[in-house]
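First chain A sits with chain B, and in the next complex the same chain sits with chain C.
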Partner chain A sequence: MALTFVACLLGFLVAARVLSGGVPATFHTARLLPLLGFSLRLDRLGALFVAVAAGVGACASVFRLGYRGHGLASRTASFVFPLFVTMLLLVPAASSVGTFLFLWELMAVSSLLLVLADHRQRDEVQRAAQWYGVMTQFGAVVLLLSLVLLATHAGGQSFALISARGPHLAPWVRSVAFVLAVVGFGSKAGAVPLHVWLPRAHPEAPGPVSALMSAAMVNLGVYGIVRVGDTILGGGPPWWWLLVMAIGGLSAVFGSLHSSTSTDLKRLLAYSTTDNVGLIFLGVGASGLFASTGHHALAVVALVAALLHVVFHSIFKCSLFLSASSIQQATGERDLDQLGGLMTRLPRSGPVFVIAALTLAALPPMCGFVSEWLLLQSMLHGLPSASVPLEVAMPLGVTVLALAGGLTAATVVKAVGVGLLGQPRSEGAAGSAEVPVTMWGAAGLMALLCAVFGVAPFLVLPAVVGAARSGLGYGAAHPLAQGWSIGLAGGHGLLAPGLLAAGLVVAAAGAAGLRRIGQRGTVRRAEAWGCGRQVQTARMQYTATSFAEPLVRVFDDVLAPAHDLDVSHSAESHYYVESAAFHTALDDAFERHGYRPLSEGLSWWGRLARRMPNGSVHRYLGFGLVALVVVLVVVA
Partner chain B sequence: MTTHWPLSSVVATGVLQVLGVAIGGPLLVGLMRKIRCRLEGREGPPVHQPLLDLRKLLRKERTKPEAASWFFGLAPLVLLASVTVAAAVSPLLATYPALGWSADLFAVVFLLLLGSVFLALGALDTGTAFGGMGASRAITIGALAEPALLVAVLALSIPSRSSNLPTIVSRSLEHPAWLASPERLLAVVALVIVIVAETGRLPVDNPSTHLELTMIHEAMVLEYAGPDLALVKLAEAMRLTFLLALLATLFTPWGIAAAPGPARLALGLASIAGKVAVLGAALAAAEVLVAKLRLFRVPELMAGGFVLAALAVIAGAVR
Partner chain C sequence: MRLEASPRHADGLLVTGPVTHNMAVPLRKTYEAVPEPRVVISVGDCACDRGVFRGAYGVAGAVSDIVPVDVEIRGCPPDPETIISVLRRVAGR
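== the complex of A and B ==
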């Protein structure tokens, strides 16, 4: 554990030096990878991602001290955990195709092993790991194609060389490489429709691992798109970025819709990762679109908004996943319908979760609000415009952001209100006690950062602006106001989150004073109104399922929930009901309509292929002949 | 753009706006009740009755349901604080609001969302069926109203290329022709629909219902009593007043103080009070005529609002 922590500390220090000094750190050795060489170069863009991964990694390694169970104590896991964290720190520094793919693959394999940590206890873990393994390998193959295509056409594998020649490559090479990169990195980022592994793997992974995956690994997908699209290829035609925005918008709406209807706490958080990745993609896409239509200042602003959201999402999602694991350890439950009444039983982890959840909902004065606000601002300033793609994309982007924002608010109210407030819904929740200080402390530190950066975004803004400018390669002055306020200078849109926070605190104190005017004594505990019923049991409360029911009904066409009602009647008369059972299930539309037919088709193909080799030598000779003919035809 | 107002004038504007919304809010609710009663052929309580109710509630004992945690007591504070800050940062009396350039229309939208989220969480903390029911419904409607609201905000921000409220208001004062443009009118209708939903008025929610199963807002605040209920009632009256005042300022800004000075502020106060009273009266009269929508028809209303807002954006973008 100390090893992971020290690695993170070192990574953070190096990244901080690069971010503040601006001089890239480089490292090269020919020994580590035969033929390819191993070269690292950390510029400001990469340093931002390294710093985020280092912060999350340090928190997760502290959290692990008090974390019990889930197979994380095994020898394999103890070895792989530091390896995974180290890869997260190294991938953004890779500066050649070979190094990048090598580190990327190590990261994927080590995270897969960690997802599998608990496979002996629970069957779902295996299935989740299968999904994850297939998707991550698919992504890696696509990335390999994309980067190798670029390397062969540029005539070298170092990123510096490819970015020097990238803008002059043939348009089809650039476009194919970019689309392949979007697919490959999108699958790692959990963007729709390549997100299916995410809501399976993140919940089943041990707590600190899911925090690392959701708050640090997913970021690297975003990093990859910015690196390839902006730095290496130097921007592209508007349709590239419209594609990124479309994927982002779809991810945001789909992710927030599913997280607002999920009842499993960690699955809900995993879907919300898809939602936030969607918002980040919207920002990255908007930035590219601005750059390709000549709005360079706005491109910087949109990319700053996206990268700011990367940083803030990592902070609050790390805190959320860690507190969710604390809750799971304290109660033994992950299902919201079994939780409740934890605010008094977990006096530290409860409020930590609430603060991080309010940040997820982008509510002022938390940091999530600042990045979403900036994203909205950048979209607003693209209008009115002479370019048709901008005119269509920006209002749609705002709509997506608003719908996702509203649904996320519903998710947060459900997760906090059903999960932590009210009466406990199970014995595990009723008998829970606070977790060790290393656990709530690690999550609490991140929650504290949510508030600090929300009030004073200027603490991170220079680093993010530096990263965005290094990503886009513009040296021009950015139009973001500095100091206590953030926004576009010149009175076009300003926000002083510190002042808003101060106003809220003063007003709340005033309201508390107003409430105390005529009061003596303490607050009396009274019976709640139950329509005349005397006893209020925990079963009368709304559950997470019932809370989300109106939303499921409104979005019936998209979600298509499966309902199953079994009523058995009494033997004497048909009018008396003996028992009734109701079952409702919600699965992923992409999984149902996309992946299941695909996997069925593949297994059909496999069965068909099994029939081909039946042991007859004549048939094998025939296969050989056909293959030879095909080769000759192709070569000719 | 007047960016340099004397501090005394800025503070006076802020205090006046918050006090005006805080005292005017309950009076507006009383006025709307009175108009409704008169239209239905009843006498009705005096206009200042809500203020008397608040005084009575503040003197009562505080109670808390058995299952509730400390969160239950926190929710009304945040609810009231959010609408207070929103009232302080918006240009209602003067084009230069108290906290200056610290917030824009988007920030105001998220501030109001903060209040709604805390109220719903307070309702879920009671551990009863009704609290959850109200919270679930209110949050669903809020989530669906959000796109219409933000897109309407976008439509309003496009002509001045700014979402800053003072900029929008002062530029519409300079170019009155904008106010009658089609995109403005479409945005007005969209905003009215959203305001009706956000403040729980007919046809989305019936504020005077007594049947728990049809309640939305009232089901959420069922367990609040005494001073806590006073805060919730005050906050909901302030929210209604604030939103109507914002609507009035955005679409008929005449009378607002464009420069510092006590006489101008007084004129601004009188004009905004008059506009809000007219809007409130119209809303009350309309409520007599319409029935509450079925809960699952509300999404259609919200979708209608969204379409109008989107049309407003398109109309604004093509010119």
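== the complex of A and C ==
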């Protein structure tokens, strides 16, 4: 614990120095990795991600103090946890292909071990870890191909060398490397359609680990795309960025749709991570598109919006995941349909969750509003344009942002309304008591930051602008007016978060005052109206499933929910029903149509391959002959 | 005059028939759910003093035995003109 905390503190200090001073910190030794050498160079872009990971890591390590996960207290987990956090801090600083892949792989393996921490308690953990292991290794292999391709053609493996030669490489090399990098980093970021591991691994991982994965590790996927696309390759043709925007838009809509229909609290948060990564990808893609069509100031604004959302998403998602695991520890439940009545039973964790959830819904005066506003502004300012890709992509991007925003609002209403308010729906929720101070304090600190950065975004904006400019390599004039308000220089957007917050406070005070004046006499409290039933139980409350039902109905074609109604009839007469059971399940369309056929195909191939070596020497000689012929044909 | 789906939105209750044992609690709960000021109108002899159901084993009482009644409309059955005129008087229009 102390080790993790000190590592985070050190990482944060170094990152803060780089972000304020602008001088990259470097470290190189030939001894750590044979043949490749081990070189780190932390520039502003990387430093932003290090600072975010350090903050999340420090919070998670404090949270761990009160956490009662059996698996996380084991010897393996105690060793791997600091390792994982350290890798999160080091990956953005890697400055050569070898170092990067080494650290990346170490990060993937250590996070996989942490996902497995509770495998003795629950069987689902193993399946989740299988999915995660396959997806992360697939991503790593694709990344290996991409970076090795670049290194081979550039004639060296240091990022500085590749970025010097990157813009002059053959177009096909650049495009193939970029697309592979998008696939590889996209799988780590949890972007659709490579997101399937996310809603499985995040709920099954121990609380602090899922917070770290969702709030810090996922960011590194975004970091990788900005690093490879903008810094190393120096931008590219519009279709690259249209691809990134398309993935982002799909992720945003799909993620928000699934999070609004999920009833498992942590699964809901995991899908919401896919949603937010989609928004960030939209910003990154828009930035690249602006840069490739010559709108350099807007490119900086869009990337600032994306990176700002990276920072703010990490803050509120860390708080949400930590609070969700506090709730899980206090009640023993993760299913929203089993929760309820937690605002009075968890007087600290409950409000913390609500504040972070409001930030997720991007409501002012929380910080989520600032970054989404900036993203919207950057896309709106791309119009009208002479470039056809911009004309098509930007209105679609704005539409996606609006749809995802609406669905996220429904998600938040569901999570807070069903999960925290009302009456407890299970014994666990009814008997829950507040968690230790380290747990709600760690989540609360992040929730506090949501409000502070929402009112005063100028505290982080210079660092983010510096990171965005270092990422794009522009020394262009400052596109964002700063101070207490954020304005687009030369544009028509102006946001004064401080004034907005003050206005909201005044409005809330006014409403409370009016209510006080309007309230004459005493208040009569009556039972909640339940159609006059004689017996009313907490099970009759509105549930998360019923809240999401209209949405499921509207998006029936995409979600294709499976309903199962079992009615058994009485033996005497068919007209008397003995019992009725209703099951409804919502699985992932990509999993159903993409991954299941793929895994079935692979296992079919595996069965076939197992039949090939049957012990017969003649058959083996035949194989050798065929292989020889194929080699000769290929060589000739 | 409008029919409301929920007593929370209503100004008054209109009750017909005698109150059975099964319906006594729902009637009381519905009465509690109506915001004040509220008016309770019992329509018909059965609602007002149990009518032909007086002494029946399933009957808990007249409406006025369960909740306070403000207006009673007599008759078995009460004629529509009376109902409408009383309702208009209560509504003041």
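Throughout what follows, the second predicted complex is superposed on the first by the 620 of 636 C-alpha atoms of A that agree within 3 Å, B and C clash if a C-alpha of one lies under 4 Å from a C-alpha of the other, contacts with A are read in each partner's own complex, and residues count from 1 in each chain.
Just so it is clear, a residue touches a chain if its C-beta (ideal position, glycine included) is under 8 Å from a C-beta of that chain, and two chains touch if they have at least 3 such contacts.
Being a predicted model, the structure only gives us computed values, none of them experimental.
Look at A:G532: by the touch rule set out above, it reaches chain C but stays clear of chain B. In the superposition on chain A, A:R524 contacts both chain B and chain C.
After overlaying the two complexes on the shared chain, residue contacts for A:V554 are found with chain B alone; chain C is out of touch. Set side by side, chain B and chain C differ in how many residues of chain A they touch, and the one touching more is B. When the two complexes are overlaid on their common chain A, residue A:V635 makes contact with neither chain B nor chain C.
By the touch criterion defined above, A:V398 lies against chain B but remains apart from chain C after alignment on the C-alpha atoms of chain A.
With both structures placed on the common chain, the touch criterion links A:M612 to neither chain B nor chain C. The contact surfaces that chain B and chain C form on chain A in the two complexes overlap at residues 524, 526-527, 529-530. Taken in their complex, chain C has these residues touching chain A: 6-8, 25-27, 29-30, 32-33, 36.
Of all residues in chain A, those touching chain B in their complex are 260, 340-341, 343-344, 354, 358, 361-364, 369, 373, 376-377, 379-381, 383-385, 391, 395, 398-399, 401-403, 405-407, 409-410, 412-414, 416-418, 421-423, 485, 491-496, 499-500, 503-505, 507-508, 510-512, 514-519, 521, 523-531, 536, 538, 540-542, 546-551, 553-554.
For chain A in complex with chain C, the residues that touch the partner chain are 524, 526-527, 529-530, 532-534. Interface residues of chain B, counted against chain A in their complex, comprise 1, 3, 58-71, 73, 76-78, 80-82, 84-85, 88-89, 99-104, 106-107, 110-111, 113-114, 116-117, 120-121, 123-133, 135-137, 139-140, 142-147, 149-151, 154, 157-158, 161-164, 167, 212, 222-223, 225, 227-228, 230-231, 295-296, 299, 306, 310, 313-314, 316-319.
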